[in-house]
Amino acid sequence: MEGASRPLDALNATRGKNVIVDLKNGTRYTGKLKAFDIHINVVLDEAVESKNSEVTRSLGTVFIRGDTITIISPA
Amino acid sequence: MEGASRPLDALNATRGKNVIVDLKNGTRYTGKLKAFDIHINVVLDEAVESKNSEVTRSLGTVFIRGDTITIISPA
Amino acid sequence: MEGASRPLDALNATRGKNVIVDLKNGTRYTGKLKAFDIHINVVLDEAVESKNSEVTRSLGTVFIRGDTITIISPA
Amino acid sequence: MEGASRPLDALNATRGKNVIVDLKNGTRYTGKLKAFDIHINVVLDEAVESKNSEVTRSLGTVFIRGDTITIISPA
Amino acid sequence: MEGASRPLDALNATRGKNVIVDLKNGTRYTGKLKAFDIHINVVLDEAVESKNSEVTRSLGTVFIRGDTITIISPA
Amino acid sequence: MEGASRPLDALNATRGKNVIVDLKNGTRYTGKLKAFDIHINVVLDEAVESKNSEVTRSLGTVFIRGDTITIISPA
Amino acid sequence: MEGASRPLDALNATRGKNVIVDLKNGTRYTGKLKAFDIHINVVLDEAVESKNSEVTRSLGTVFIRGDTITIISPA
């Protein structure tokens, strides 16, 4: 996310890297950022779900609907 | 969901396969992904509904409105 | 809902048949699917409302606003 | 609401007749359907408001914003 | 709100008259309807705010964002 | 907010003057209205935040996202 | 945020400076404003997350989805 002046450029810089995705309902997904679009729909590979800091599921690949997301950050 | 650079391409790669669909209200549907659109409206075949890890209904085919969905993942 | 590749096609295949419509607030309507549009606004005939599995009203015809719906499934 | 293939056509068939309008917050309005638009904004005449089956107000005419509505049904 | 076939026409008929505006959060504003637009953003003059039937503030003029409104009715 | 027939014209009449901005979550900002747009995104100068009538922060300048706002009124 | 007549111009004036971003769920992010867009999607560098005035995480770079934001203010 270095040197980018638009949010989606910054997001693009993390493609292929591990990220944290937090949802509005408090669920967290960590995994490798494979894809995203302008709605901030996101696909993670090697994804792990956690709630209250406890791992709840290993999901492999996961599609996350953009409107449920609060933040995305490098892991 | 291999090799796709856009979220909907990744979703398309799971068409005809078993997926998990989690809703904002905590309900989960598992079934075969038959169809989806850009709103992430989804149709599952052979769908089973569960809440808190307990099966609540077998639904056969189910249409799920996109804006209620948090994540979709291969089952 | 057989053989359709788009969600609305699948929904169209249930037109005239009995369906279950679940709302975000937990209310359920069952009835004959008379009409729907791209917003998933739905009209049911011979509709019955239920909450927590108990019938609360017989409504005859009911117009259901799409953004309140979670799922639609053949009854 | 007979013989209509689109939801708004069905709604149009109840124009001038008594309808029930239920809101997301549980409030109910009954009155004569005077007008509606594609957002499902609705105007009722001779409107009565009720909550938990008890009449709370007589309003005469009332404009109801569409995005607060769950269902509309002939009274 | 007499003789109008579209909701905004009906609303326009109350311009300059006293109206009640109820919000989704239960707050009520009464005042003279000065202006509104297609989003149902509303401006009232001589506005009074009340909650649970008790007056909480006199506001003079108030701009109310449309998406917070449930109903508008002549006072 | 005198003499304006559209809500944004009325809002424009308070530019440079002290206003109250109430949010959906109950937080209130008071300050000088510096800027707003059609989404009702608002910028206040010399802004003070309060909750339950108690001042919680002095913020100087604050950008407020429109969809969190319920009302704007001259202070 | 000096001298700007549109909200996004005001926001642009804080680019590269430390800002506070408050979310609807009560979480706060402070960091250097690197990028934003018309949806108010925001990217912060050197970001720190806090809840109830207690620091919960140091995140480095964070992408914040616009529709979760209530306010942005210089730190």
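Here the chain labels run A, B, C, D, E, F and G in written order, and each chain numbers its own residues starting at 1.
Heads up, the rule we're going with is that contacts are C-beta pairs under 8 Å (C-beta built on N, C-alpha and C of every residue); 3 or more make two chains touch, one makes a residue touch a chain.
Remember, it's a predicted structure, so these values are computed and weren't measured experimentally.
Novice: I need the common contact partners of subunit A and subunit E, sorted by label.
Specialist: none
Novice: Taking each chain's centre as the mean of its CA atoms, how far is subunit B from subunit E in angstrom?
Specialist: About 42 Å, centre to centre.
Novice: Roughly how far is subunit C from subunit D, centre to centre by C-alpha average, rounded to an integer in Å?
Specialist: Centres of subunit C and subunit D (C-alpha means) sit 18 Å apart.
Novice: Among all residues of subunit C, which ones touch two or more of the remaining chains?
Specialist: Those would be 67.
Novice: Can you give me the ring order of the chains, beginning with subunit F and going next to subunit G?
Specialist: Order round the ring from subunit F, first step to subunit G: F, G, A, B, C, D, E.
Novice: Quick check on the complex: what are the subunit D residues that touch subunit E?
Specialist: So the residues of subunit D touching subunit E come out as 23, 25, 27, 29, 34-37, 41-43, 45, 47, 59-65, 67-68.
Novice: Would you mind writing out the residues of subunit F in touch with subunit E in their complex?
Specialist: By the definition above, subunit F touches subunit E via 1, 4-11, 24, 40, 66-67, 69-74.
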